[in-house]
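Down below are the structures I want you to see.
Two complexes follow with chain A in common, the first pairing it with chain B and the second with chain C.
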Partner chain A sequence: MSLAKVCNRVDYFLEVFTSALMVGLVLDVTWQVVTRFFTDNPSSFTEELARFFLIWIAFLGAAHVFRKGAHLGLDYFVEKFSPDAQNKIVKTILVFVVIFSVCILLIGGSSLAYLAWDLDQSSASLGLPISIVYLAIPVSGVLFLLFSAESFKNYSNI
Partner chain B sequence: MDISVVILIASFVALLLLNVPIGIAIALSGFFSLLLSLDFVSTTTTMAQRMSAGVDSFALLAIPFFILSGFLMGQGGIAHRLIEFAKILVGRLPGGLAFVNILSCTLFGAISGSAVAATSAIGGFVIPEMEKDGYSREFSTAVTVTASTTGMLIPPSNILIVYSLASGGVSIAALFLAGYLPGLLVALCLMIASAIYAKAKGYGIASEKQSGELLKKTLDAIPSLFLVLLVIGGIVSGYFTPTEAGAIAVLYSFVLSTLIYKEVKIKDLSGVLNKSVCTTAIVMLLIAASSAMSWVLSYENIPQSISDFFLSFSNNPIIVLLMINILLLLVGTFLDMTPAVLIFTPIFLPIVEALGISPIHFGIIMILNLSIGLCTPPVGSVLFVGCSIGKTSLAKVIPPLLPLYLAMFIALLIIICVPALSTWLPMVFGL
Partner chain C sequence: MKTIMIKLALLAFTVVALASCSKSHDVRVLKLAHGLDAKHPVHLSMVYFAEQLEKYSGGEMQVQIYPSGQLGSERELIELIQIGSIDFTKVSASSLEPFIPKMKIFSAPYLFRDGEHLWKVLNGPIGKELLDSGTPYRIQGLGYYDAGSRSFYTTKNPVESPADLKGMKIRVMNSPSAVAMVKSMGGAPTPISWGELYTSLQQGVVDGAENNLPSFYLSKHYEVAKYLILDEHTSIPDVVITGTKSWGRLNDQQREWVAKAMSDSVSYERKLWHKVSQESLAAVREAGVKVIEADKSAFVESVKPIHEAIESSEYGKLFNNIREVR
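Up next is the complex of A and B:
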């Protein structure tokens, strides 16, 4: 399977998964309101679950947005260069994205998840291992790397 | 200055100019700077931990909710109904359509949390109408761009939630109430400026005859405006937390746009969800990276040095506020609002609090100040969206923007000098 095809599939899965998390978020917090108003036993896990959903949406969504090229940036000065120079600039940008993905997301995130697993940290009300929550970070790192590779390939073929 | 600070600033500016995504540029410059103080693995782990801690907050959850409800309302015919309602109120005044534009943006700001959403939802309808009525396309775009920033101050406002987080817990309900009068003042200043401009250019009086439809149009707009009561009323009275109010707003706007106004079909929902996820992820990456950068700054004791520097100049609150505002105006032109709030609030808030300025008042000043930056190049997300909606270019839209910048600037000065505009309403409600 070609790189583009793999990326398309992964990206489609990301889109569906993050949308589902978003719907889950709305239902989760609605459930919190409903149980607080209509029962004597307000739900205690909803707040924690919602925070975990948001972390996953944030980090996976960031990779999805990166593939769309929709992150905010300052394109004002770069646009003034020739197309040839712009191509080189895009590749330089990708180098920095790779440094970010490898150092902060992949290494930093894995080490964070490992520490939480090693210390056997679990969440207060759901009892979920915290390392599962932190896992969103290295997973996002892998996705960033995959999409950077695709983008690098596209810019090399021009 | 310390070498780690030089690295932080230099690498950030270099990455920014290179067009590296701003969130990644912020995270990397914090990372490079921290490498000087910690070993490699500790630095990576600290950055990852600070980034995830930055978005691990129940209060922040209100942001995806207000984004989602904003998109539902933008597609759901709510914008159109608010415009018709605004026409009833101000449409027949001289320069009427400019007023309609400003008022619609303000009303839309009162039900959604984002200026970009207001620009595209309102501008898409009003700019062509204004052009038909003889206004230039550029002026109409300029009015939409500046007017939609009133939504930053008028609740529900995502950026006020971010400020609450950055300030270490100023009440969101108090900030929301504090935003109303300043938001309306900005709208008023913009109306005055655009009336003068329209008169000088001889732009028309709204030619529409309105009869019989008045009642129907008002009734049409009521369900949209009811959202204000539900969300803000719920938060202020303490029935909901802002996050819960956000979820309620999503459900309400979903029912309104799919079942009552029937303008969003079930098959449109996946698109709306994806757009909301993307907008949320863009904001959250900025929040995660800025929280990490802010942590690095305080690790390196920057806020303390800046505070000493400012206070060595003057102890007069107004003079210090003016100095801070000049700096923020510069920052706002090249940095998006969310990172600016997250990075500079922890630096400036202790200074102004030491001078007896209320954190609520300062929050409103900061947001309005940075709102001006949203309408200026080289980084101005609202300006760019406005230009694409208005199908005009940056260079052409700048001349009519100048008097409107002036209006926003005057509103800023008034709000700096009259703290009661920000603090009176929260006080009345005992917040």
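Up next is the complex of A and C:
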């Protein structure tokens, strides 16, 4: 299977998964509001669950949006260069993305997730292992690397 | 030209390296971070700790303080302690619960008969054991700070007994033990973040909340909550912790200095806390808050099911040992 095909599949999965999380988030917060205002037994887990959903949505969504090229960017100056120079600039940026993904997301994120798992840290109200939440960071790092590789290949073929 | 640049760079590097070298041999700078304001009694006691430590060590050990949550919230600070990025922090025992399960015991309502009982336990073998119980999680407790007792305050109706709490929405910290306590007393526990509480009280999202006296005063919640019920349901102490990594970097002499400075700081904090609590109570009275001396026995009675549940849990023995301290 070619790299592009793998990326398409992964990307499709990301889109479905983050959308599902988003639906879950909306239901969760609705439940919080309903139980707080209409019953005498306000739900105590909803706030924490919403936070965890949001963290996963943010990290997976960042990778998905990176592939789409929809992140915030200033292209005013870049567009003043020749197409050839633009290609070089994009590649340089990709190198920085790779460095960030490896050092911060992959290495930093996995050591954080490992620390929380090793020392048994659990969340305050649901009692879930915090390492599950932190796992979003290295997973996002792997996705960033995959999509950077694809992007790099595309720019080299032009 | 190029060789000159390289030589200059090398020279600069050597100078910097030598300078930092000589410094690290003479002075050890330790980092202390906490989440409270620089006017809070806890911060002042931390400053006192830093001064005492510098005095005992003859300037060999210095403490750099980062207040007001500059380096993160209490949960994040505990993680930084585990990693070894900071050397000391002060957190509430309830923040330690997800890290050190044994700390849950402090969240039990009416665990202590009074302040005297509390400090007898904390200064005794049980307190010491709890401070050391974090070592498998890379946390070493150093001492306890007084964090007072938490009491209810309400906006609309005065509360004299647990029966008055029925159907009232009470804001609690987001912890299962706090939720269980208010439920057991008959109220409706509502976890809301501390920062949103003022407007929630004002708009009637909740009918009341609970905290210690200085927090009630400093948060200005007395402006909207006009009834303070002194039922003193929980006394959760603050714990000053260091990481086993940071602790391991100190030699025996240095540890002794830290322990000595800590115990000075603890007695300083207790006096200061007492003073600030009294001042807060006087200030809220002045502001028109009706202070109700609650009949504690009715509240104690209402949390009986929680006590029974703890007794039959894995912390039953610890619970009974604490209760038996005279």
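Definition applied: the second predicted complex is superposed on the first by the 158 of 158 C-alpha atoms of A that agree within 3 Å, B and C clash if a C-alpha of one lies under 4 Å from a C-alpha of the other, contacts with A are read in each partner's own complex, and residues count from 1 in each chain.
One rule holds in what follows: contacts are C-beta pairs under 8 Å (C-beta built on N, C-alpha and C of every residue); 3 or more make two chains touch, one makes a residue touch a chain.
Note that the coordinates shown come from a computational prediction; the quantities given were computed from them, not determined experimentally.
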| item | value |
| --- | --- |
| Contacts of A:I130 with chain B and chain C, given as first, second, both or neither | second |
| Partner chain(s) touched by A:L115 [first = chain B, second = chain C, both, neither] | both |
| Which of chain B and chain C A:E15 touches, first, second, both or neither | first |
| Partner, of chain C and chain B, that touches more residues belonging to chain A | B |
| Touching partner for A:T92 - first (chain B), second (chain C), both, neither | first |
| Touching partner for A:E47 - first (chain B), second (chain C), both, neither | both |
| Touched partner set for A:V78, first chain B, second chain C, both or neither | first |
| Touching partner for A:N154 - first (chain B), second (chain C), both, neither | neither |
| Chain A positions touched by chain B in one structure and by chain C in the second | 47, 112, 115 |
| Contacting residues of chain C [partner chain A, same complex] | 79, 82-83, 97-99, 136-138, 167, 169, 174-176, 179, 188-191, 193, 205 |
| Residues on chain A engaged by chain B in the complex (per definition of touch) | 15, 18-19, 21-23, 25-26, 29-30, 32-33, 47, 50-51, 54-55, 57-62, 64-66, 68, 70-78, 89, 92-93, 96-97, 99-100, 103-105, 107-109, 111-112, 115, 133-134, 136-137 |
| Touching residues on chain B, where the partner in the complex is chain A | 15-25, 27-28, 31, 41, 43-49, 51-52, 55-58, 60-61, 64-65, 68, 240, 243-244, 246-248, 250-251, 270, 273-274, 276-278, 280-282, 284-286, 288, 334, 336, 377-379, 381 |
| Complex interface listing, chain A residues touching chain C | 36, 40-42, 44, 47-48, 112, 115-116, 119-125, 127, 130 |
